[in-house]
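Heads up, there are several structures right after this.
There are two complexes below, and they share chain A, which is joined by chain B in the first and by chain C in the second.
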Partner chain A sequence: MNSKLKMFISGGVIGLVGVVLLILGNPGNMGLCIACFWRDITGALGLHRAGVVQYIRPEIIGIIFGSAIMAFIGGDFKSKGGSSPFVRFVLGFFLMIGALVFLGCPLRMIFRLANGDLNALIGLFGYVSGIFIGIQFLKKGYSLGKSIEQSQIAKYIMPIFGLVLLIFLVIRPAFILFSTEGPGSMAAPVIAALVGGLIVGALLQRTRICTAGGFRDLMLIKDTHFLFGLLGIFVFALAGNLIFNFDSFNLGFANQPIAHTNHLWNFLGMALVGLCSSLLGGCPIRQTVLASQGDSDAGITVLGLVMGAAFSHNFGLASSGAGPTSNGQIAVIIGLVVVSIIGYAVTRKSQLKVK
Partner chain B sequence: MVETYCVVTFESTQHSLMFEKLLKDNKLGVKLMPVPRQLSSSCGTAAYVSCDEKDRILELTKINNIPISEFHILEVSKSGSILSKFMKK
Partner chain C sequence: MEHKLDARGLSCPEPVIITKKAIEKDKLENFTILVDAHVAVENITRFVKSKGYNIIVSESEGEYSLTISK
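Up next is the complex of A and B:
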């Protein structure tokens, strides 16, 4: 019980950080969203040219540093890798496409739900369904293989990338793009966002809270340890929104900020995210944290997310408030097929090994 | 006061499920759970088992060819304060 309470409170702090960042200026129901924030960074680097979603989100920099520092203190800062990197890249790529059709990663899904957006409930059903399908592969032996120790330099890559992003954010060179309108232009003050990210990164590294892990363990081994972290995020974010942010609380489907009401594609988009997350062993935020503590496989996954974000906007796959695009719908179907084939092929190979 | 408990870790989720079934079939106590924080920064699946049965468990996994990663014996301080638990880690 004690450990679950700890998870609940840690999640609660993350929920409150999200509410504070929302009040301080982040886009609607986007106090924290790992997929959206990586997408904004992708845009700021010029890898996609959607002018309304380009910004170097300090929250990501904070999460990288917070995780790396906490891992260093706890002795978890280690170079690891070599567990099917290219497969992980592809899974990260399609994960991002699914997230941008729904309009948010699983973390933002929780924050959307905590501000009354019921479209996120449809997304949650999709997400849990996707994880359920992933679990069937896990049960039959799916494993991307054991990671092994890598060269010492590997663990510094993500923190150095975070530092480079911070430098770009501060000196704003001409080749870095910053939105002047739209969600990319809406942001909490840099210092607040950095500090919020630091707190969230440190907590996530310590607690290992993962949106995919929470539901996976509930369904697979009937364990609620990680789920209490997710409940903490939801309950505290809901309470925070009701107390400090009541004007923006809007229970229902229609007129939600940066969301659409197409149930089918909200469901399927998040189903793709759930399937990819369970096959990767972690949702986007967990991948970001692991990458920051020296896990090269997670680092490659993050690059997959970035690549997915670039393609999503370059090919018109990402949804808007008006709804999903037909290109996006086709991409989600392709994603579900490709990822299922990956799940099947990896499972089949490991079954042969066990025999 | 220090409490001792035992945890088995695995390389894949499937191995943990096979292990759980093996122990249940042999009427041994087993409970799957997330890998304890002290052991790993990953969030995989481990099995909580009785320390008294260590030899029997290791023998069974060997005979039945169930791959396990490691058998850990953990000590947790039960002094009550959350701080002391953190210090222990």
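Up next is the complex of A and C:
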């Protein structure tokens, strides 16, 4: 099969899984959202106390297992790490803050767009702009350095964390928090969400689809391979919504579920996500997949996402349907400045080395 | 003289950027690049083929040697 068609169909399956999970009860236009789902897990673990967004999302557990199993079969399940872990943590941290000001990761941005939410189009412009800036650093020599082989135990950490989350989800101990109202209380049945996550994780691991990679490769090397995967997600999700979920389809800016209409902060939030994603070498889904196949650097990035989610809700940085908060706006500006300094400093160091 | 580039341990998309620089800036027509991840092999293969280059991949103990020629 033509490789682009294969990417398109693989993306299409991910798009359909998102539509099915949405119909089965996930929050509005949130069939799949990696940032939101890690944020909900962060809340369930009590690391933030926003009562409406606390749930152990089975999709994440499924993605961890699906990626790990597929990596094991394909020979990609390897312990590696040591490429600027603390810098990656900071990039993951600010990535999450940007995503929660926009209200979604790049994957949810595609799902929002596929259900008519045009605010996501503004987010897309921001995301692509952020990636474009990241590419300029990459072209000038930006590199977080080489990773090396790590102790064998390292590659089991994320799958074991997935298992622990699964146990918490099933047993529901008192110290794990589950929302009784709001988006955190809206969820597809556990088994469906787990299976959906497994399928998505396996596909993402095998195809290497990355929302940042799709746009980056188009701009950097004029390659549309990954972009066809993203197009597949969008087209199939759009078709799925129009056929099976027409009641929820709403073309326009206003009255979109779990979204706001502030164009500037939708743009800047996603610009921060795009910049962080290209400096990290992958968006939140790709980081989650890599972390599950033994990449400790991606694991640290995921911890950065979790920490970013905790700060976002503890300090009132995350937006709501009413719009972005002033704290969130300040945090995005700080994020853009800090991440640009990181990009500049790392690039300059590599240039000095060449001389 | 044969050029040998080392992109082992680098995360996406750095191996492709190194390859791109070798082809477009340094105008190399024959060179070898070492990588240590499947994904880098796939990305570099797609890129050099789109540029009209041939590529031979050999694997040894989880590392890949990509021989690229015009």
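We take it that the second predicted complex is superposed on the first by the 354 of 355 C-alpha atoms of A that agree within 3 Å, B and C clash if a C-alpha of one lies under 4 Å from a C-alpha of the other, contacts with A are read in each partner's own complex, and residues count from 1 in each chain.
Simple rule for what comes next: a residue touches a chain if its C-beta (ideal position, glycine included) is under 8 Å from a C-beta of that chain, and two chains touch if they have at least 3 such contacts.
Predicted model only: the values in this text are computed from it and were never measured.
Looking at the shared chain after the overlay, A:350 reaches chain B, while chain C stays out of its contact range. Judged by the touch definition given at the top, the superposed model places A:140 against chain B, while chain C stays out of reach.
Of the two partner chains, chain B and chain C are each touched by A:76.
Once chain A of one complex is fitted onto chain A of the other, the partner contacts of A:297 are limited to chain C, with no touch recorded for chain B. When the two structures are aligned on the shared chain, A:173 is found in touch with neither chain B nor chain C. Within the superposed three-chain model, A:6 lies in touch with chain B and out of touch with chain C [touch as defined at top]. By the touch criterion stated above, A:148 is placed in contact with chain C alone, chain B being left untouched. Touch criterion met: A:225 reaches chain B and chain C at once.
Overlaid on A, the two complexes show chain B and chain C touching the same residues of chain A, namely 74, 76, 138-139, 143, 146, 208, 210, 213, 217, 220-223, 225, 281-282. Residues 2, 6, 71, 74, 76, 138-143, 146, 205-206, 208, 210, 213, 217, 220-223, 225-226, 281-282, 286, 290, 293, 350, 354 of chain A are the ones that touch chain B when the two sit in their complex.
Residue ranges of chain A in contact with chain C, taken from their complex: 3, 74-76, 78, 80, 83, 138-139, 143-148, 208, 210, 213, 216-217, 220-223, 225, 280-282, 297.
Considering their complex, residues 8-14, 16-17, 20, 36-39, 42, 46-47, 50, 62 of chain C touch chain A.
Chain B contributes residues 11-14, 16-17, 32-34, 37, 41-45, 67, 82, 89 to its touches with chain A in the complex.
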